[in-house]
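The two complexes that follow have chain A in common; it is paired with chain B in the first and with chain C in the second.
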Partner chain A sequence: MRYLLRRLVESLVTVMLILTVTFFLFRVIPGDPARILIRGPGITRDVIEHYERLFGLDKPLIVQFGLFVRETFRGNLGISFAYKTPVLELLFERMGNTLVLLVPATLISILLGLFLGVLAAWKRGRPLDFALQVISLGFWSIPTFWLGMIMIMLLGRTFSTGGMVTAGAAHGSIWAYLADLGKHMFLPALTLVLIMHGQYFMIMRSQLAEELTEPYTRTAKAKGMRPARILRSHVVPNAMLPITTLIALNLATLVAGFITIETVFSWPGIGKLVYRAILMRDYPVLQGILIFLSLSIVLANFLADILYTVLDPRIRYR
Partner chain B sequence: MAEIREAFRTSPFGKAGLVIVGIFAVLAIIGPYIAPYDPWKTADQLEDILAPPSWRHPLGTDELGRDILSQVIYGTRITLIIGLSAAAIAVVVGTVVGVTAGYLGGPVDAVLMRFTDSFLSMPFIVLAIVIVSLMGRSLGNIILAIGLVQWTQAARITRSQTLSIKERVFVLRARALGAGPLYIMRRHILPNVLPLVFANMTLVTSLAILSEAFLSFLGLGDPTKFSWGIIIRYAFETGAVSIGAWWYFLPAGICIMLVVLGFSFISNTLDEALNPKLRRGQVVI
Partner chain C sequence: MGEVLSVRDLRVVYRLPTATVEAVGGVSFSLAPGEILGLAGESGCGKTSAACALMRILPGTAEVRGEAFLEGTEILGLPEDEMSKVRWRRIAMVFQNAQAALNPTKTIGYQIAEPLQVHLGYSRRRALQEAGTLLERVRIDPKRLRDYPHQLSGGMRQRAVIAMALACRPAVLIADEPTTALDVMVQAQIIELLKELRDEYGLSLIYISHDLMLLSEICTRIAVMYAGLIAEVAPTGELFRKPLHPYTRKLLGAVTKLGFRAQRLETIPGSPPRLSPPPPGCRFASRCHRTTEACGREVPGLEPVEEGHAVACWNWRDDGAP
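Coming up: the complex of A and B.
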C-alpha cells in the first residue's frame, strides 16, 4: 500500500510537471505568445474575449498558469480553430477509433514479440536467434508510414483502405459492419504489428538473457530439469515482472507509429487529428493532444504498477 | 577499448553496422560530387515527369521531373547531419542532467529524476511536433526539437553509472584532498561515463533519424532541403502510392532502414561490450 501511495504521489507530480512543460512551451516560445492559442482564423471577437477572461491573458504568467491548470482539470482544453468545437469533445470522438485499431495491434505485437523473444533466448547464438534478431530489428528500423505505403501498393486492392468502413455504404447488420471494419483494419493493424513487435522482442530477449545468468537457473539445471521446462516454469514467469513495467514505460514510443499510420490509411482517429492540426496550425488541438496523450500514459503506468503489486507479493509488503 | 574491439571482432552484427554506416558516411561526404543531376533541376520534356527508372534516371523522376537518385544521394548528408546533431544535443543534455543528479544526490537528484520521468511519459514525437510547428520548419529547429526530446535515456544511464563511480576510492580520495564537485565531475566522473554515453549516442542517432522521417512525413520537414523523410513525404502528397510510382518512395525508405539498422547494430555491440550485466556469469542452459 505504501508503495502504491508513493507511486500515486509521484504520478501527480508528473502530471503537474507535464502541465508546466506544456504551458511554457506554448507561451514562451517566440511567436504571438499566449494569444496564439485563441487567435485562430475565423474565431469571433466574442469567443476571443471570453477566453481572454477565462485564461486571464492580461494577468501575469503565474496567474495564467494557475487558470490553465484549473481549466485543464475541469476538462476545458480550449476550442479547435479548424473545427470550432471544444478540443476535449474532438478527442473523445476520435479516441474510440484509435483504440479500435491500436489495442488489438498492440496486444498482438506484445504476444508475438514475447513469443519470438523466448524462442530467440532459448536458441541463443544459433541461426534461428540470428534470423529473428535481424528480422525484428529490421522491421523496427522501418518508418511505419513507409511500410504502410508499401502495404497499400501491394495489397490495397485485396483489402480495403481509406477510412474505417466503406464511405456511404449501408450495412444491413452489425455483422456486415464488423466485416467491413475488419477489411479496412487488416492492413493498418498488420503494419503496426510488423513494426511494433520488434521492441517487445528485444525487451523479452535481453530480459531472459539476464534471468538465465541467475543462480536459480543453475539450480534448476543441476536438478536435471529440461531447458524447455526451466524456461517455461522458472525463467519466463520471473522475467514477466520487469517486462510489465518496461511495456508500460515504452507506451510513449507507440504514438509516432499510430499517428502516421492513421495518416496513411485515413483512419479517423487521434493521429489523423494531429496531422490535420499540423496542416491547419490548430494549436489548441495540438496542445490538447499533448496533454491528453501524456496523461493517458501516466495513467497506464500507474495501472501497470497496480498490476505489478498484484503479480509480485514482495512489493505489497514493502 | 580492448573489450570494444573484441566485441566488434566477434559480432557479425557489429561488423555489418560499421560497414553500413561507413558506406553512408562516405556517400554523405562525396554525395554532391557523384550525384548525376542537380536534385532541384526540373524536367525539360513531358515524358520525364514521374518517369519510371531508366538509363537516364536510374531511380526515375518525381512529379516535376527531378531525378530521384540525386535527391536520395543529397538526402544522405542532410539525414545524417540531423541524426548526429540531434543525438549530440540529446546526450549532452542527458549527461549534464544525469551526472549532476547522480553526483549531487539528495533533493537535486530527486527533482531532476522526477523531471526526467515526466519527460518519459510525454509522447516525444508529439512534443517534437509541437516544438517544430511553433518555432518553424527549419533544419536547426528540427535538430533542436529531436535533441530536446531524446535526452532522457542518456540521463538515466549516466546517473546510475555516476552513482557507482562516486563511491570508488579514487573519487573519495580526490574529495578528501579538497576537490570541488565541478572538478570531480569533470575530471573523474565524466571520463568514466563517456563510453556509455557514446554507446547511447549511436542508439539515439537511429531514433533521431526515424524521428526526422516522422516529422518530415507529417509536413514538418525543412522544405528547402532534401532529406529521405521529405522525399517520402513528397511521394505521399503526389499520390505515388495510388499511381504505383514505387521508385519515388522505395529507395529513400530503404536507406532509412539500412542506416537505422546500422546504427542500432553498432549500439547493440557497444552495449554488449560495456554492460557488465550482460557479460557477468555464464548462461547455463
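Coming up: the complex of A and C.
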C-alpha cells in the first residue's frame, strides 16, 4: 500500500514536470504566436495587441504558466489555430479513429510476435528459428511508409487505400458500415502488424533464451518435465514479466497515433493530425498531443508497476 | 548383482567452440541398495558433470558415453521420452544451490506437487496434500506450501528441495553439495535428515562434496575424483585409515585436525591439469612427489587392492612416506 502511494506521488510529480517542460518548450520556439495565429500580410500593431489580450499573451510568463496549469487540469487544452475548435474535442475525435486502427493491429502484433518468439526459442538454432528471425527482423527494418506504399501497389485493387470509409457512401446498416471499415482497415493494419510484430518476437525470443539458461529450468528437466511443459509452465510465464512492462508502455504510445501509416493511408487519426499540425505550426494541438502522450505514458508506467507487483511474487511483499 | 546403480566407463566431453574438454574421462562405480557413496574432489574435477550425465540434463554441448544401469535398465541410451519417465521417479537430484534451482515465481507447494501430478497422475489437491506431508517430513510447517522460495531461509529452502526430490520416491538420490552454502549447524541437520530419509525411503545416495570430513560423517564408501577420473575408492573407515593414492593422502593431510595446536594447514602445490585435451599418463603426475617413468606414459586403471578398495596409481605398492 505504501508502495502504491509512493508511486502515485511520483507520478504526480512527473506530470507537473511534464506540464512545465511542455509549457516552456513551446515558449522558447522562435516565432510570435499572435503573428502565427493571424498569418496575414500588413498586420497592424493594434490587431496583434488585440489577439495578445484575447489569448492572454500580454500577461507575464509566470502568470501565463499558472493559467496554463489551471486550465489543463480543468481539461481545457486551448483552441486549435488551424481548426479554430477546442483542442480537446479535436483530439478525442481523432483519437477514436486512431484507436480503431491501432488497438487491433497492436494486439495482433503482440500475440503473433510472442507466439513466433516462443516457437523460435523452442527450435533455437534450427532452420525455423533462423527463418523467423530473418523475416521478423527484415520487416522491422523496412521503412514503414515504404512498406505501406508497396502494400498499396500490391493489394490496392482489392482493398481500399485511403480514409476510414468510402467517402459519401450511405451505409444501409451497421454491418455494411463495418464491412466498409474493414475493407479500409485491412491494408494499414496488415502493414502495422508486419512492422510491429518483430520487436515482440525478438524480445520474447531473447528473454526465453535467457530464462532457459537459468538453473531452475534444469531442475524442471531433472524432474522429468517434458520440454513443452517446461516452456508452458515455467519459462514463458517468467519471461512474460519484463515483457508485460514493455507492452504496457507500448500501448501507452498508441494515443499519439502512427504518423507514417496514417499519412500513407490517409487515416484521419492523431498521427495525421500531428503531421498537419506541424506543417501549419498549430502549437496548441501539438502541445495537447504532447501532454496527452506524456500523461498516458505516466499512467501506463504506474499501471505496469502495479501489474508487476501482482505478477512477480518477489516484488509483492517488499 | 543386487546393485541399484552401476556405472561403467562414463565419459563426458564438452564440445565448445574453442576447445574440447574431457570433464569426465571414464568413471566406473556401483551403488548398493541403502548405500551412501561419496564423490569427493576439488572444484572442476567432474563430480557434478558425472551426476548431471546420469540424470541426462547436461547441455547440448556435452557428449556422454558409457553405460549406466539403473535397477537393471540402461539409461544413458534411452530415448528422451523414456528418460523423462525415469527422471524423478527412479533417480532424483538435490541441487547445489537451492535458491537458483527453484523457480522464483512458483510456490514451494506447486514445485513439489508438480512431479506428483505429472508422473503419478495425482489431482492438484491430492498432490498438494502429499507435498504438505513431504514438507512436514523435512520439518517444515506445511503452511509454507504457499510461500515462494525467497520467503524461506537457506536451510529451509534446501530441505524443501530435498522434499521435492523425494516426492516420487526415487530409488537413487544424487545430492550435489547440498550443504555447501549453509552454516555448520544447518549442515549437520541436513545430513542427519538425509540419513533418516535413506532408511525410511530405502534410498541409495550419491553424495557429492569437496569436504572429506563431511563425507566421512555420512558415507559408507567414498570415491575420490581427480581431473575427471576416480583416483581411489574405499569404504570410509578404510580410506581414512589406509589411503593409498598420493592425492588422497595429501587431501587428508590438508584437513584441519581438531584438538591440535594451531598449525599451518598443508596444501597441495600446483593445480589440476587442463583437460582440453587431458595429458597422457596419470593426471596427478604433475603434482605428485613419487612419479616414475610409467606415470607420464599411461593412465593407471583402478586396481583392486582389497575388498571394496581400489586405487589408480602405478606406485601404490611403494608405500614410502609421502
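The criterion applied here is as follows: the second predicted complex is superposed on the first by the 268 of 318 C-alpha atoms of A that agree within 3 Å, B and C clash if a C-alpha of one lies under 4 Å from a C-alpha of the other, contacts with A are read in each partner's own complex, and residues count from 1 in each chain.
In the analysis below, a residue touches a chain if its C-beta (ideal position, glycine included) is under 8 Å from a C-beta of that chain, and two chains touch if they have at least 3 such contacts.
Values in this document were obtained by computation on a predicted structure and should not be read as measured data.
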Should chain B and chain C be called a clash or a fit once both complexes are overlaid on chain A? fit
According to the stated criteria, A:69 is in contact with first (chain B), second (chain C), both, or neither; which is it? neither
Contacts for A:223 in the overlay, against chain B (first) and chain C (second): which applies, first, second, both or neither? second
For A:13, is the partner it touches chain B (first), chain C (second), both, or none of the two (neither)? first
Would you sort A:307 into first (chain B), second (chain C), both or neither based on which partner it touches? neither
Looking only at contacts as defined up top, I'd like to know whether chain B or chain C touches more of chain A. B
Partner chain(s) touched by A:128 [first = chain B, second = chain C, both, neither]: neither
What does the superposition give for the shortest Cα distance from chain B to chain C, in Å? 5
Quick check on my understanding: which residues of chain A belong to both its chain B contact set and its chain C contact set? 218, 221
Chain A residues touching chain B in their complex are 10, 13-14, 17-18, 21, 25-26, 29-31, 36, 124, 130, 133, 137-138, 140-143, 145-147, 149-150, 152-153, 156, 206, 209-210, 212-213, 217-218, 221, 227, 230-231, 249, 252-253, 255-256, 259-260, 263-264, 274-275, 278-279, 281, 283, 286-287, 289-290, 293-294, 297-298, 301
Residues of chain B touching chain A in the complex: 12-13, 114-115, 117-127, 129-131, 133-135, 206, 210-211, 213-214, 217-220, 229, 232, 235-236, 240-242, 244, 246, 249-250, 253, 256-258, 260-261, 264-265, 277-278, 280-285
Taking the touch rule as given, give the residues of chain C at its contact with chain A in the complex, in rising order. 52, 55, 57, 81, 84-89, 92-93, 95, 97, 100-107, 114-115, 118-119, 148, 150-151, 164
Please name which positions on chain A make contact with chain C in the complex. 214-216, 218-226, 229, 233-234, 237-238, 241, 311-314, 317
